[in-house]
Every structure is written in C-alpha cells, then in structure tokens.
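Please read through the structure below; I'll follow up with questions.
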Amino acid sequence: QPAEQYIALPSYRVGPYAAGGSGFYGGIIDYFNLVNLSGGVNGVKISWEECETEYNPSRGVECYERLKTRNGGATLVEPLSTGVAYGILDRLAVDKIPMTMIGYGRSDAANGKVFPYVFPLITSYWNQAAAMIKYLGDKEGGVDKLKGKKIVHLYHDSAFGKEPLPVLEALSKQHGFELIKIPVTPPGSEQQSQWLQIRQARPDHVILWGWGSMNAVAIKTAQRNGFPREKILGVWWAGSEEDTVPTGDAAKGYSAMTFNTPGNYPVLDEIRKKLYANGKGNLADAARIGSVYHMRGVSAGILWVEAIRAAQEKFGKGKRVTGEQLRWGLENLNVDDARLKAVGAFGMLPSVKTSCDDHEGSGAVKVQQWDGKKWNAITPNWIVGDKALTRKLLEESSAAYAAEKKITPACLK
Amino acid sequence: MNINFFFEVLIGGLLSGVMYALVAIGFVLIYKASGVFNFAQGAMVYFAALTCVGVMDKLGVSLWIALPITVAVMILLGLSIERVVLRPLVNQPEISLFMATIGLAFFIEGLAQLAFGAQVRKLELPIEDVPSQYLMDNYNILVSQFDIMAALVCGLLVTSLALLFSKTKVGRALRAVADDHQAALAVGIPLQRIWAVLWAVAGMVALVAGMLWGARNGVQFALTFVALKALPVLILGGFTSMPGAIVGGLIIGASEKMAEVYIGPIVGGGIEGWFPYVLALLFLLVRPEGLFGEKIIRRI
Amino acid sequence: MFYREAGQFKTSYQADGQIFPILQDRLALLVLLAVAVLAVPLLASPYALSAILIPFLIFSLAAIGLNILTGYAGQLSLGTAAFMAVGAFASYNFILRIPGLPVLLGFVLGGLSAALVGIAFGLPSLRIRGFYLAAATLATQFFVVWCLTKIPYLTNYSASGVITAQPIVILGYAFDTPDRKYLLVLAVVAVMALLAKNMIRSNVGRSWMAVRDMDVAAEVIGFRLMRTKLLAFAVSSFYCGVAGALYAYAYLGTVEPEAYNLDLSFRILFMIIIGGVGSVLGSFLGAAFIVLLPVLLNVVAHSLALPTSVASNLELMAFGALIIFFLIVEPHGLARLWQIGKEKLRLWPFPH
Amino acid sequence: MTMTPASTAAAAPVAAPYLSVNNVEVIYDHVILVLKGVSLQVPQGKIVALLGANGAGKSTTLKTISTLLRGERGDVTKGEVQFKGERIDQLTPNELVKRGLSQVMEGRHCFGHLTIEENLLTGAYTRSASRGELKESLEKVYHYFPRLKERRQSQAGYTSGGEQQMCAIGRALMARPSMILLDEPSMGIAPQIVEEIFGIVKDLNSKENVSFLLAEQNTSIALRYADFGYILENGRVVMEGAAADLSCNEDVKEFYLGVSGAGRKSFRDMKFYRRRKRWLA
Amino acid sequence: MQMNEPEAHFGVGRRETGPVILDLKNISLSFGGVKALTDISFDVRQHEIRAIIGPNGAGKSSMLNVINGVYRPQQGQIVYRGEVRKNMDCYAAAKSGIARTFQNIALFKGMTVLDNIMTGRNLKMKSNFLMQALYWGPARREEIAHRIKAEEIIDFLEIQAIRKTPVGRLPYGLQKRVELGRALAAEPEILLLDEPMAGMNVEEKQDMCRFILDVNDQFGTTIVLIEHDMGVVMDISDRVVVLDYGKKIGDGTPDEVRSNQDVINAYLGVGSEH
C-alpha cells in the first residue's frame, strides 16, 4: 500500500460559521485532490479526514483526538477556530503534530521557540493591525498625516476583537491619532447604538474587527445611518463574499484586508477543469471557486504541500513524513514567487519564508474593495506594517506565556 | 448633552425594539397556547427566511411567487410539528416539552441547511434600508424607512393577534390549554387542532420576522440568534401578552441603546449583551410576571 | 431472573436508607467502579480517555450541579456555563497568585467563588419562577462572560484574553497524561457524586425537593424558602465551578472565556433533561448521551460516503430527532427508562 | 360471602347499553397494572354509580372511557369501550364531547387564570351556539349554583375548593352532553349543595334524559339516586346490581354505608381500625 | 409507641380540655373586593377537637390560612400560648408547633411517601448540610432516629405498603392520609386539618376518625378541623364554629350548633338527618 500523507481536518459545515467553514475546507480539499490527481507529492498521496466540530471547542478537541490516531497518525491539523485551537494547543507538542492557524489565534504563537508546533502562517492579527494603520496612513499621504485623526476600532467583544489592541494603542501613541474603541457584543445582530456613536464621533476611519454575522450587520447599519462605507476598513474575517453579499449594495465601496489577491489564477482554472468539470469538486456551488474563503483554503493547501515537499527533501523523497518532520518542513518553508508561479498561484498569496523565530513567515497583506459584485484589490503591492513593534510585543507576550507554562524557549531541530 | 443625538438614540432604540418584538410575538403565541417556551422559534425564523430565498434561488422565481410557496411550507411545518412532536407529549412536564422544542431546533436548522445550503444569502425587499429623506429634511432626525415599515408590520401583527386572543372563543380556549392540558381536553377543546393551527401561525410570524431580519442582516444562520434578543423582551412584557411583547420591545430597545451609548463608554462598552437581561430581571423583582403577563397564582 | 429484590429483607433503617438498597445494584456499582479505576486506564486508548471519558465525567459533574438546582430544587437555570467559567477563572487566579497553593485546594476555592456568584444571582429566585427565572439567569451567563473579557486582571493581562491552566501537580505527582488526568477527574467526580447523593437522601435534599414540588407547602412545614433556594444555588454553583475548573485544567488546557458560552449552558441543560431531571444517575446518562451521540452520528454519517456538508446536516437532524424520540418514549428521561426497565426485570418473568 | 359476581347477572341492566366497557385492562407507566378486566354498562337514561375504596380504580375507569388516560402515561392493553354502539377508544376527547360524552375530572381542575364565567364558557367550546343560547346555558348553571354567579368575575384559581368543584361541574353541563362521567362530585361540597347536585343529576336525567356514570365515595347518597351500581375493588368489579339491591346487601351496608345491625354507629365509637374486607384480593 | 395496636385504646380516657391555647380576636381578611372573613373571634382550647363548618366559600380555609400565617389578616389579633401576634408567618407558626393539611392536597408530588413524611420532621433536624453531605456520624444517626419516628407514623396510618411510592401516583384518599402523616411527623401542638375526609368512603372515614381521635387522645394534640360530613363533625368534635359568608353565625357544642336556627338555614338545611 502506497504511503499517504494524512492530515486531520476538524472542520465545521453546520452552524453559524458554516459558510466560512465550507469555503475554507472546500478550498483545501480541492487543492489536495488536484495534487493527488497529478500523483501526489513526489508520489505520496495526501489523505485527510474531516470531523464536524460545529465550531465548538469541546467537540473540536474530541475530533482532534479521534482524527489524530487514524491512518497511521495525523501529521498536521487545522481547526480554523480559535477556541478549538486553544483546546488542543497543549497537546500538540506531546502528540508531535503541528498545527497551522492561518490568519487567526494568538499572534505571539509565531515565536517558534515557545510554540514549536504552532504556525500562524502568512500573517497574524498584530501584523494585520499594523498593516491596517500603515495603509490608512498611506491613504492620508503618509503615517505622519494620521496625527489628530480619529480612528474607530469597532470590534467583536471577545478575545478575538481585543487581540489587536496592544498594537493599535501603541501606534496611536506613536502617530498621534485618536483611537476610539467601540465593542459589539457577540453575535452582534444589532448595532444601532454603536453606529450612532460612530456617527456622533465623526471618525476619519473605522476599523471593523468583526466575525460572522456581525460584519453584514455592521455594513447594513452603517448604511442605515448614512455612514460612508468607503471609510470602513474590515479585517480579513470581515472581508469575504459571505460578509458583503447579504448586504446587497450597502457594501459598495467597503474595503477589507486580505492575504489573497482577488482574481483568477491558473491553479483555480485547473481546479475548475480537472475537478469540477468531472463532478469531483468539494464545493456544493461551483460559483464559489475563487471566493475569498475558498482561495484561503487553496492557499493553506499550497503551503502545506510545500511544507511536505520541504520535509521530504530533508527526510526522504517519496516517503511519508511524520508529524515531527512536517513540523520541520513548516519551520523551514520557503515559498517564493518562483515556487508560487510553479503551482499556478503567483500573486494569490505573499511569499512565505519561515524560521524558528518566525512561524508566520510573511506578515504581508493587501486591501480589497467590494464593488457591489466582487472584491478587487486596491493596493497593487503587499503591505507590511511596523514589524519591529509587533516583534517586540510578540517577544514580551510569548515570554510571559513561557513563564506561566514553565517552558524554556528553544528551537527544535 | 446633544438633544438631537439623544432623540436619534431613542428613536433608533425604539425601532430596534420593534424588531425584537417581532420575534417575541412568535414566542408569546406558542407560550400562550401550550405553556411551552418554544426554543425553536429562532430556528423557524431562519428556516422561513432561508426557504424563501432558497426557493427564489433554486427555482429562479420572484419574491412574489416564492412567498406563497414559503407560506405553504411553513404551514406544513407547523402541522407536522404538532403531529410528530407535540401530540405524543400532551400533558407532559413543561421542561420535557421545552426540551423537545430544542430537539426541534436542531432538526430544523439541519433541514434548512441541507435543503438550501449554508451560504449566506441576501434578501432584498422592495423597501430600502436607508435613512428616510423626508424625516431628514424636515426634522433633521435620522430614521431608516425600512424600520418605519417594520414598525407598521409589527403593529399590525400584534393588533390582529391580540384581537384573536382576547375576542374569540379560540383565544379563551388557548388560555385554558396553557393552564391545564388535561382539563382542556376534558371539556372538548381540540388541543391537537388548535396546536396545529397555532404552530402554523407561529410559522407565519416567523416568516415575517425572518423576512425583515433577513433583509436587514442577510439570510444566515445567525438569524437563529435573534431569539436571544427577544428573551428580555418576553420577560419584561410577560410571556403571555401580545401587547406586552411590543411594549417590552420598545422599552428594551430604547433602554439598551441608551445604556450602551451613555453608560457603555464608562464601563468599557459591550453591555448590550447583558443589560437588557439585568433590566428585565430588576423589573421582575417588582412584578414577577412581567408587565402584562398573567399573574402567577400561588394558592393552597 | 437474576435481578431480584425478593428475599432481601432490610433489618435496619440504616440498611434501607442505603443509596443502593438492592444487593445486585451494589455489586454492579462496585464492579463498575473497579472497571473504571483499574481496567479503563489500561485498556482505553488515549483518544477514549482524553476526548470521551474525561469530558464525559466533567460534564456529568456539571450536570449533577445543574440537576441539584433544576432537578431537585426546581429552579430552571441557563447560567451553568457562567458558573463553570467562574470556577475555572477563579481557580486559575488563586493558583497563579498564591504561590504553593495545592491545585485541589485551588479547585475548591474556584468552586467556592462560583458558589458566591451563584448566591448573588440566586437572589432573584426568591421572587421569580419558571421560565421567567430561566430567562433571567441568562443575565448571569452574559454578565459573567462580559466581566471575564473586560477585566484584564482575571486573565492575567494576557493580550488574547485567554488563560492557560497551570500543570496539575498534586503532592509532587504530575497529572499530565490522559490516564492520570482521567483518574483525577474520576476521583473528583465520584466523590462529589457521592456527596450529592448523600445530600439528596438527607434533609437538605428533601428541603430542595419540597421547594420544587410546592414551595408554599414547604414553607408551611417549616422550610425556609430563602435559605433553601440559596443553598441550592450555592451547592449547584459549587459543583459547576469545580466542573468548570476541571474543564479548563484537565480537558482544554488553554481556554478563552468564550468557551463557557451559552451553548455550553444549553448542552448541560440538555444532559439533565435527556438524562432525567432530578436524578444523579440521569446526569451521567444524559452526559453520556450528549457527549457520545454526536460522535457516533459523526462516525456513522461520515462513513456513508456522503458529501461532508450533507453528512454534517444529517447528523444535526438525527441528533434533534433522537432527542425528540427519547422524550416521547420517556418524558422523564433516560434514568426513568432505566428504572422502568429494572422494574420490569424485577417482575420478570411474571409481569403481573 | 353471600353474593358472587355471577349471581348478580340477573340484576344487570336489560336495556341496550348506551355506554359499555368491556373487559378493559389498564397499565400505567408500562408497569403498574391498575384495571384488571373491568366491564360495565350504562343504559340510556340511567344513572349508574361506580363505588369502591381509595385506589380501586374508579377514576382510572372514567379516564379510560374519556380517553384522557393517554396524557397520564396509561395504556389500555385489553378490552374496548363502546358508546352508542361505536367503539370510542381511539377517538380524541374532543370528538367524544362532540358526541355528547363529557367528563368532570376528579380534583377540580379549573383553569386557574380564567374567570369563573370564562371557565364555564370554555365548556361550551364544542357547541356552535349563538350568544343567546350561551347566555341561556350560563344562566341555567348560575341557577343551579348561585354561588358561582356571585364569583363569576373572579379568577378560578382564587376561589374556594367548593366553588371550584361547582365550576367544574357547571363547565361540563355547558356542553349539553347526553352522557356525563362524574368523578366524585360531592367531594368538598357542603351537604346541602351535595343534595342539590344530586338533585340536579336526577333532574337532568329525568327531564333531559342525560345518562350518568358517577364515581362516588358518598355511597349512601349515590345509591339513593342511582339506578345501578358497580363495586370496584383492586381493579376488578366485585359486585354489581340494582342500587336498591346493593343498599340492602349486608356487606355493602357494613363497609360502604357504615351501618350494621343496630343502625349507624357513631364515628367516635369506632374502637378498632377496620380490617379492610376484600372480596377478592 | 404501640399506637397501631387496637387494644391499646381500651381504657385510655379522653384528655380533659385545657385552657385556651389559641385565641383569635376580630379577624378580618379581604382580597380586593372579596371579604373572606369579617370580624371573626373564637378560641381553641388545649386538647380539644374544634370543628369549623360552613357552606362553600364561607372562609373556612382562609381561617386556617390566617392561623398558620399563609394569609395576613387586615385586622385582628392572634393570641397563641399567651403571646399576642398581629399575624403569624409560616415559619414561625411551624416552629411554634402548628402543623396542617390542605384542602387541595399539597404533598410534594415527586417525592416518595416516606420522604414526604420525613419532611414533616425537618424542624427537628439539627445537623448542618455539610454533615449531611458527608452522611457521617451524628448526621447519619439523626437521620436514622427520625426515620424510626417516620416509620411509626407509617405504621400508625397503615401505609407501609406504599412507603416508597411517589405520592403523585397515589389515589386521592391515600394522599390525604399521607398528608396527615406529614403533619403528624412534626409532633405538633395544634393540628389544622382542612377536609381530611373528602373523597373517602365511610369505612375510610371511620379509620380517619380513629386516627384523629387517637392523636388527640394519646398526644393531647389540639385539633382544628374543617369537614363537610356532618356525621363526622357532630360525632367527634368538642366544639363547633360555623361560618357563613365570612361571618361567624354559630359557636358551641355540636348539639347547640345543631339546633341553632341560623346554622340550619345557612348550612345544615332542614330535615338533614345527620
């Protein structure tokens, strides 16, 4: 029996976040299928198993525990849920299974010395926040122009929404803009008072740090209160079709962060041609190919496959790598533009180069804008914020974690 | 204090309250008729809205054709709920019935997503959710015209249902059922038929709520959560009162917005989640049966 | 045939007052405990231990807690997860800030903090009843989670607002593997279940049930309503608090306040209703049902080779349908079903 | 023991039964066997009394007939019930009331939140009566129970025990049934009113040809007004016969009427606890 | 205790009626517009059996509710054991030895007969809840001691066979008996009985009378009794008070009351042969 590279996918396809889950995991699986069609990674096929978590930490842990021992042992896991990720965080090093947290989770996990098995790939919340301020500054004609401006941070009142606060606060002090923090109680299906407050404050920009149904409501309520959507900048969890389509025209002009450039790419064409044309696609609705969540899933797939490839380079080509070895692969990832071009995804995601110190590997993002039908990138180049600042915060925070957990920070081999 | 802003907050709050009341009505309907707290109301709101847009999508028809189809589906749903879930549970402990509605909620949620998929959809009603120009120009007050329509619909619904309950013999029979299933059966009230009708009506109310909330927030799973907004309204207004639902809605809506805007910033904000509950709770300490709820009879 | 009461005469009231008056039941329980302590850690896979049995036991404990309040004292509550959160976050802070504090004592202090919060939020129950109270307890749920996200001190100023449970070390012995954690949880749960059983067969338990069944009459007989209800809130919250601490320490490890959301409260409530309101055994059965059923359904649905989203939705529907099915079969829950089964067995083969 | 069930057969009603219960067996909660094959008949236009000690199964028998058993987790495992020559065990209570069979449940069961008058009006739910007719029926009930008229606007939950009992009976009358199942109508009612209630029963019976099956503990008055009687013990019919015959029976006299040889004994003079006598046990 | 042995009753003489133990003075109670009690005064002597009779809605149950503090009278005074109380509260009443049964049975439906009776003894239990949770030492001994008392009552009332049955499943008549048991368990000084014999046949009433008389004889418990069966009332009570429309219309020995014209008009009816 040929060796298979088995990956655990505790996914969610029902419940409040089903729309995101089905797009993201659909993208991953589409890419896996594509790779397998062309013979796998150096002949090693990728296999995976899904388990419904309903975005619930307790069920997620059960899924992880169940999936991890199947098929000779999982070599990678991605729950796409902060709660589930935290629930299994402690177990990873013991089980020797790396976990990626693509675009979510605690930002300080990028410190591989403290979190050897955790990979917040591409970019973390802190770098995103820094990039957002940089973008807003650029829009004004330079970050120094932010002085005296008012920026509202409208956030999901949870750990997720509060995560960027240290960065935003530091930057507000540094650049002299006023930061107004307005929380929205989850799930955020009513935001009249917040938007009245915003209208009252007359801010120059609104950062929408939202998740789930909160986003559509925010945009709709902004419209209802006559607040220009052009002044709203969402996080990447507020920047998918799922967030804008239900608002109809209200989202026209609204922009959001992303780590994928919207558009069409050869890899997507291949997915269409080789999979969906033959009824092998994972999405129920082929129109969602290339949507934000789907592309995010494809990107995850690409990075993982490249990590497998890297690990195979080191530990033996054409052989299944173990979780430990794949961890090495993830830590020594170098997906540059050439590599991206080779897999048909050049420009779709930033180049990613990881190391023990930097499990994130990039920190570059783009801004996209909704034109009423689809997302369009409005920054031609990848934006990177004040990385020195985020690095400092990262060191402090992960050191505190290490102290609490009695971990001696060190790089794994 | 900026008085204009104050009024905006107040009016915005009142109108949000109307939206809550819309959902609360569905709860009152079922509670009055069976003494059961219908946990599945939120799921029904989602189901109704999703069915409507799903039908539009799948069959490619207009809203005006999809609506009657959805109405039919909701009626069918109501009838089957009575037949399959409630009938075997007549005269059982309230808490078991409550639990059954929870099971029902899961079932409906699964069914809705199975039939029409989990993706978020938009629902466009002929009326746009933008500030009313007229009010803006003449009174310099910002009110969405959509909200005004919602208030009208809600008022109409409450009035007609309140009349149903207070003026007809069915209304009286329903109150009897809520008091004592067994005795209601004994006097010949056709419990089954009444429940079937009521659940069908509750389905319709859910449809109205689903359309309005769906148009406002998009048709998505989170619609099931709007029930959480309706609960404080219910306890404040009283589980058994139609007018209570609307008055409670207005009070809750206005006061939660006031609290968020004027108290929120002092304590770090985000108090909208619990403030209505605490408010309703404090109120209950004064009147344990809510504003218009039926007095709880404790006698030996 | 083998399950008989006949011939077992009680010669003392002490014997009759036992938790399991029937010999076969006592033996069965002993065997069960022996298996749970000796065989399970050896035989069960780490998966079964850490993903099924540990949460099952923890949820059972929380369900016992809620059952004390709702099942025995008749106060419907939807704030269980909040009390669990208080237990977890309080334990975390006590252990963090009092150097050298034994972990178990930390759990107890966590439980006591939860009990205090329980008493505070139980006060309205003196006037409010039924679904009104249930809806009002949601205030606890939202308020507590709000506090935990708003007060950085409680999460030790962690930027992401999560806490990371300290390693469990008791008397120098580290409970760090699934089987050790399992044994620790098992011990805590078994002891607390026994205590609950004791309370229920004594005067406190009777006072709770009296208040549940008819509070006016209970007052006339001489139970003090306020005391009884608040005690129920306190004890129940204590149980939930300890369960919450175990949930953080022995199960999740790293938790955010959101892990103790309304959804969790509801899950615990499902457990007691499905298992049996007013039954300690029911708490266990209900927890097993709610923990295991989704897993089973998940395995079944995903082995059918259906598209995943279809399988997931079917799973949800089957879960709902089974809840309804069991309620129709026995509205008083699995515990009652079990009891009826036993009664039939007792009479078998001569049913009447 | 002078009487065996068989020997009473001759005394059994001769008219075609209006209501007949044939050999029903009832189990509660799947395990508690309560009725062990009860058969009885009510001929049209007659009053039949169902007597028996606490727990004999009288209420269960009545609930079996009115199919209210389902709501209490009781199952009819054997036997059948016929009303006007049709099987009714599968019908809903609503259909039964429409066919003219009403039940007054034991233990009052008024709708606490409804006023007395509203309670009475719910009784007429199955009738499609005009306002005037309803008013007339109401007046009739008020005529029977003037006390109810005084309390018509009070919520039933706040009325006295006896008032609730009257309300429950009045409510059943509002349906204008042709057959009424009365479960302990005299319970908690002042003696004068008890006489009146039985007077009403007789009245309805003779003037409007309403048949009655009444479960009653007050044996003396029940036998005074009834045409036939059944005695239930432990879920079985142990004796049946014309009311007059039963009241002459020595055992009935001793155990149900409390009179023996020398007439009624004072309650104060009962020096012994009665060892309950059972025909079959 | 051997009260379940019938022989024991021979030779046990009735206790002498003692001094006034409970004195109700000018009690008035109304609910909104409904006047349940108007200016009622009567007393209860130690060891006596005091009956309250009257038509439905006369205010009998309300009277009992006033005595044990469920209702607060708007006017009037209660003198209990020489102490003046404006009104009682339930707990104080129970604490000072007043127990009762209810017209609409107020048993704890989900509990077994035994547990119901044990609740009656709650005021006599001293161990705190921690001890009970541990079920240890004194708590355990106490529990067993009270269990013995409860079993005596069960024997006395002849309900051994149903001791472990949840009371909700019992037929009406037995529930009444269990409720009496619960009241007796408190070993009260005054026992208030609200229609204890409703829904019983003669045989059962005879037993119930016997129970009441025995309690009265053996423990000297004072009994206040509401009952509609005139046979019972006239036979076993020492004095009878008659209420009608919330007013007192008669008070005296059974014979006096029986011949009181007001009482005959309002309640007994002419030709009542009881």
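Here the chain labels run A, B, C, D and E in written order, and each chain numbers its own residues starting at 1.
Simple rule for what comes next: a residue touches a chain if its C-beta (ideal position, glycine included) is under 8 Å from a C-beta of that chain, and two chains touch if they have at least 3 such contacts.
The chain list, named the UniProt way, goes like this: B, C = Branched-chain amino acid ABC transporter permease; D, E = ATP-binding cassette domain-containing protein.
Since the model is a prediction, treat every value here as computed from it, not as a measurement.
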Graph distance between subunit A and subunit E, where chains that touch are linked: 2
Of D-E and C-D, pair with higher C-beta contact tally: D-E
Of all other chains, the one whose Cα centre sits farthest from subunit E: A
Central chain of the complex, centres being mean CA coordinates: C
Distance between chain centroids, defined by C-alpha means - subunit C, subunit E (Å): 41
For subunit B paired with subunit C, centre-to-centre distance based on mean C-alpha positions, whole Å: 32
For subunit A paired with subunit D, centre-to-centre distance based on mean C-alpha positions, whole Å: 73
Distance from the mean Cα position of subunit C to that of subunit A, given in whole angstrom: 36
Numbers and ranges of subunit E residues touching at least 2 other chains: 70, 102, 104, 106
Of all residues in subunit A, the ones touching two or more other chains: 13-14, 18, 22, 157, 185-186, 284
Interface hub residues of subunit C, defined as touching at least two other chains: 142, 146, 149, 214, 216-217, 220, 309, 313, 315-316
Contacting residues of subunit B [partner subunit C, same complex]: 31, 37, 84-85, 88-89, 92-96, 98-100, 102-111, 113-114, 117-118, 228, 231-232, 234-235, 239, 267-268, 270-271, 273-274, 277-278, 280-281, 284-285, 288-290, 293, 296, 298-300
Subunit E contact footprint on subunit D (complex, rising order): 28, 32, 51-56, 59, 106-108, 147, 151, 154, 158-163, 165-166, 184, 187-195, 217-220, 255-258, 264, 266-268, 270-274, 276
Partner subunit B, residues of subunit C touching it in the complex: 70, 76, 124, 127-132, 134-136, 138-139, 142-143, 146, 149-150, 214-217, 220, 262, 266, 270, 273-274, 277, 309-310, 313-317, 319-324, 327-328, 331-332
For the subunit D and subunit C complex, residues of the former touching the latter: 29-31, 33, 36
Complex contact set, residues of subunit A against subunit B: 13-19, 21-22, 157, 181-187, 189-190, 192-194, 196-197, 199-200, 212-213, 216-217, 220, 223-226, 242-243, 245-248, 250, 284-285, 288
